[in-house]
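Presented sequentially are two complexes of chain A, the first with chain B as partner and the second with chain C.
Then we have the complex of A and B:
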């Protein structure tokens, strides 16, 4: 059984600001079916890799086999000779900017004279069959002068290490200092921790279809997280203005951060522009491992001091994040890890140094949890060390030190919304524990399962706790906004709302939430979600747990504006004051007595009312470069996990028995989807704790497949009881908090803590491998 | 080479098939049936699970030529509504120059939803669909499980679906969906 799922807490912020009633079928706070769901279960939803046009070509990418080399020559002759090949392109064929990047334009569209990671794109082929294109790519002759790769982030930062980029190998250093320089404490614990490189492993591979318009411009259908940041980079590389580069969202098979950077976007457009034909590019799974950034591996040293009562006195942390060959979003990941790398705990004296470095390892960037996942492993392990040293219950230590409203973050920022850390862990501790092995003779309940590895002799149970907090939306002064266009018109005699944004639906259910908000604000049941494209303003990225907050805020604001426009129009038509009228469910305008004054069908006829709103959350600010102080973040999300595991200590196998989570979501906009986000995020955290790691040896990925890169199956993920709290954030639309990332942050550390509890081993590195448990690794 | 086979009850033919093409490629790229998904193309993820002569398998692991003369059922063939008709929002190939979006607006569950197979409807109702890329394979695998065992317990469901990876849901709502479908069909 799944256990329980409850939504509890205090009443949320009120939903609307007058002139409407708020109860509508399938509005905010209910769980309507997702509008793309029927197509998805019918197998008819158009994912990017499903797109197809008559006469289209297939594009493939030739990539570097070396993590670090100089290119001394490229010979295309043999590739061009192959029948069926339409184009073979190199960096010389990039008409505009030859470098791109999210924050630093440091990554070549196609390698010029040097490759900095294995898998770096060098040349492109378009052909009439994918196999022809692959064979042609194999015929391209590239001469390399192989160089020694730099594969260690700490070594990369030493002055004697060769520079991979002009500005040196340091991408960013965040320094946070509060309180005393040399604090002391009654009890001091410390540890060194490591987190391996995790992959987003979205199931829908990178794909897109680029279609030339015959007039010099191009349309690109692509699976992405942020159409407009892609458009900016594609325009720069093609040397075209935005009007001529139209991006359209195709079906996205998961993202988790791995689609923030460009993949096939520019490449497909270059091939389409050159051949004058539509070009489809689809990565296979192996190429996907080379085709997107990964989660930064981390090496961390932590030291916490506390008084005898368990009150934290100080914390010191040094964090090294391996950014790989190009910057991607490393500066922002370093910002998060640096400013939030001590967990949601009140600590008066703080010293944090967080470094992001260039190496010749695979480029790392955004992945769900974004800098907080890595540090949470170190923080929570250190808290458990401290609890053990003090003889305190781990839950008690967290409850005593946890943030509450009014706490100060390490940046000095006041936490001016509920921060129920103590309640989260106390609720978890109060949950009933799962039964001791219900049926010891049923192998399916034992580590190793039906592989018959054990009959339970060496199996030990452990329980662990961990807490997460995560900044929601973009931080440090970024101009973070979303745009929504909302229209009300009449179709078939009934009012219908059309909501148009560029916000990427990546599976999270944003399209459902947009419909719910329109229904709640306008009282109209029928809501059409228009295809997402760049013909409307930017929505920002589907990342940082931000879309329900920011695009949701924009849809709410646009709906409110349209409501005012409708009421103004009705007031003019009826000769009444606007304030005496209100919009009611069913598409009617009521007067002060509650009588229908006019229906929207009569008011609008063949006309429509529309507004487009650009909406911003409250501003954030940069941090001070010396002290890390500043109001850097918009909002924090809080979650906590309790993991129960059975470990076969002789074989090193772990079975997670239960993974419970309590999370404060402010307002559960769509309770079913909220629970789905928490469970899905929890499973990804479990994966990092126990099995998921891109194995990089000498700069080379040795396991680029689902055979060797393991993501949790339905046998690996246990029942996940979820309790959802709704403590409204007074600054956010509907009081909501971003949901998606926090559970990915605390689940892994809770699992690791449970394995430590079961084995008594320090286990300072994740993923925990069997050999780490048996001592044979 | 030329391949002839039965797909979702219809006789289908594909010409000029290269010997190295998989059945998955032929279904997706030559027959306009992209419902079976290309997540790994190495038999690890289950997202291209189909029936081949009544037995489930990964279409990516079947050479197209091996399917000659055989009977294939894909996710598109599960529901009573039959193969999709072209229209807004479907994954039909786009013919000719693109004048409008490949994917139409999403308006909500269309009436055709009434004709979904109970397994499809249960996945939708239970919230077992997020990005949806694993969904077609899981639907076929669940259809197969419930055909063999109309009332599986949780351990049996987990064993039966352990060859299908999902990255979004953490599987809890997939378990809910299978239980829901079993209850409705039983």
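Then we have the complex of A and C:
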């Protein structure tokens, strides 16, 4: 499927500390099989929707049909009368805090007197059969006084607009100012851009099983991205201490940000606590569209000025993000869009205003790319306008202005690691272009595919480029740590490592990377990844491209500690100095002459060595509220794409012919998984450019299904030549950079640019619909 | 919910008469979605898979009698020469898995304005066979569709087959979707040239409350085409044909597209399908 894939670049500049041992088998930099790979391919992996206990009940959620209404009455009588129903709950049954939220505690566990979006949970039912539970939910009588919904983020911020929350409709405003107040330039371009609401479209719906322990506490198996932030919120809502609320990761079928917020967690626990029975909840596909946050839709106005040589002089941007009914992670998304909203380019004079607003639209929060996806569409389109105005090649303009090591971000932060923007785009330009028309008689190569809409008529080719940069890990002073417990013991006469974290494996392959790090650091091939749960400290979220960096860093640190403990133990046993010994592959301790001094099997016997390490990346800092200045981010990831498309300009149908990517990953910990992340991220970005949109009319979702929310199929995803660069970040473990998000950011803008090139149309809104190209939108 | 599993067509028709509330189930590609999403809760399901009469096709009286339970995959594999328009349309249905399960008869039973087989059946002047315990009748397909997801069959009748004359001339089908596979038609168009009777057949999908023919376009083009000398079609004729096709539509704005786009796309598809079909009639590659 793919063209060529290479992993090239310079070796990692980092050196491990202490007595380094390297395992030659399946360690860092190789591509071993995933521990869960065979089960997943064979269809035998247990996802959260497969959870089962023989005496369990089924929970369902009654949701609001209205985007905005007052609740004037709830009558549960008829629901409770239905045989098989065990409990029907409303907000009155929430024993603890009645509101939750990732950053602002603004969202009711169950609606209290008012609903602010279509699909807001109002009541819960537990019954002995899911159909019974659904029927009972339909019998709950809710009286509404329907209110006019506020569905426009800019209108929501006007003073005369009614307030959806006590503090008003502004969730956050980020203001960035550098340089002159009224800069001028020889050449000025501007444009207004819009990005529709994308969905994570993970295949495994929200699901979990809550099991009461008979002593007032509860165990919750759930598909999530961040066990500990869930635990904090569940504890608050249940009014229970953490030791009584134990979360365990169930099989996660994709996440992409959509599982950072709570879904069924508190609801399932409330029903289990009330009934004293295990309660399973699983959303169907339609409910899933109402059961998690989406990517913020954006409206953006951009203006860039440059001198005649193409050197950027200034940039102005106003960005409105629609946060929907509740805050979720809108403040952080606004932070990203605000501080990184001008692209990876050196610009001396900057004015950015980025707003996140409450509306009655579906709540929006985390999704892969997190604020940078939206702004990249505006940035890269504006750069192309500038290139056209200057008569410059779009690659040349980007190469001349791109960040380098030593550049200053809009926040004033020094970029103190490689930032090879010019190299990324120049490498892309140097790649050969695909054939003009590979096989005109195979409809699969044409826009429309086998739907037989063209045999070449109306087809025009276009090429487009885009660059992405993205902060890795959490920013703006967040205490962003991970915890890893590593143990070495002997099983069957051989050493085995057990690594235990709470880091969510959501399909990205973190469990494989944890194994690789243990192998490399301890020289022991057998590594067992313990089930992820809250009995070990927080790992933070599986988001922000951060887990390989942060949990990888914690596993590395814990492995190093265990290595020291093993050598100390060996030194004591053998009566030698620790520094004279080293741990070698195969589970042996060598002395200074390279002779085996003792095997780990002999050293440990039935004993084990273990340590738990809480690991932090270097600290970040808040930004100044007036100027946006501050060292807000840990690390940046860089990627760039070149898209080649064929557009049927008469029908508005697009075939992406090729989507090439060059990305700097610092160190390819698992080269095959790196390429997989780039392919997946590129496909997700392509989807937003051409088809993926939750359509919302008057606050209501009109396409909550995979029939009408379209994601790319194998006939939409083209060959992807991928080149992976490894310029080590000296601050990061192994020199690595987070991989997952950057390709999602640049692929869509590259596709959009290519469609503009093919059609000659401005196409300022994504997804680009056929009607936008044919002028019949 | 009761699950009726009669053996053979006579027992199926008995069950159909005895259980008017029973929902017929063949490939399940529509019915199971409706059940899973709680959109339908019929009293009973009537399993048609044990009636082998439904899954056969044959030549009868110079026509193809296509059993209602023949899958799209089989239409593609076995009937591409005789029913080229229907085969092209079948290739655009869903995924390989859906094509292995879904049937033309099921498409007719659901009678969706977006059904992929309908434009080709309309253009091919097909007839729908309706059977009940009391007898068998045939309805021209353009009289079969009576409203959105409604058809001319009575409650005790079942769609048992489709009758279509094997192609005597080129047939084409085009379908618009906003991705390159697995998509419900935004709008679609079927064209059949019938040189033996110097007639043109058309079918429009997702363009009106029911699938429909563009009769004015058919008559206009049938009269303009130089059937025997096979001379090139003048641009003005192709343009007028396309305009008449678009005019025949009564599309709406919905989540899949606008009315304006649908009309525009129908005109483009009509012109292109005509050019491909006529090139084939002239013996040229297209």
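Going forward, the second predicted complex is superposed on the first by the 772 of 777 C-alpha atoms of A that agree within 3 Å, B and C clash if a C-alpha of one lies under 4 Å from a C-alpha of the other, contacts with A are read in each partner's own complex, and residues count from 1 in each chain.
Quick note on the criterion: a contact is a pair of C-beta atoms (placed from the backbone, for glycine too) under 8 Å apart; a residue touches a chain by one contact, two chains touch by 3 or more.
Note that the coordinates shown come from a computational prediction; the quantities given were computed from them, not determined experimentally.
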Q) In the superposed arrangement, does A:254 touch chain B (first), chain C (second), both or neither? A) first
Q.
For A:510 in the superposed arrangement: first (chain B), second (chain C), both or neither?
A. neither
Q: Would you check which partner chain A:771 touches, where first means chain B only, second means chain C only, and both and neither mean what they say?
A: second
(Q) Output check: A:655 vs chain B and chain C. Expected answer is one of first, second, both, neither. What do you get? (A) second
(Q) Counting residues of chain A touched by each partner, does chain B or chain C come out ahead? (A) B
Q) Taking the superposition as given, does A:122 touch the first partner, chain B, the second, chain C, both, or neither? A) neither
Q) Counting only touches as set out at the top, which of chain B and chain C does A:691 meet: first, second, both, neither? A) second
Q: Look at A:234 in the shared chain and tell me whether it touches chain B only, chain C only, both, or neither; answer first, second, both or neither.
A: neither
Q: Could you say whether A:150 touches chain B, chain C, both of them, or neither, answering first, second, both or neither?
A: neither
Q: Could you tell me if A:450 is touching chain B, chain C, both of them or neither one (first, second, both, neither)?
A: both
Q: Return the residues of chain A at which the contacts from chain B and from chain C coincide.
A: 284-285, 444, 450, 707, 712-715
(Q) Per the contact definition, I'd like the list of chain B residues that touch chain A in the complex. (A) 18, 20-21, 28-29, 32-42, 44-45, 47, 74-76, 79, 81, 84, 89-91, 93-98, 101-110, 112-113, 116, 120-121, 123-125, 127, 129-136, 139, 154-155, 157-159, 161-176
(Q) Taking the touch rule as given, give the residues of chain A at its contact with chain C in the complex, in rising order. (A) 134, 284-286, 444, 447-455, 457-458, 650-653, 655, 690-691, 695, 702-703, 707-708, 710, 712-716, 769-771, 774, 776-777
Q | chain B partner contacts - residues on chain A that touch it in the complex | A | 1-2, 31, 33-47, 49-54, 129, 131, 200-205, 209, 211, 214, 219, 221, 248-256, 278, 282, 284-285, 442, 444-445, 450, 498, 506-509, 511, 515, 526-531, 533, 672-673, 675-676, 679-684, 705-707, 711-715, 717, 719-720
Q: In the complex, go through chain C and note every residue touching chain A.
A: 36-38, 88, 91-92, 172-184, 186, 255-258, 260-261, 263-265, 268-269, 272, 275-276, 286
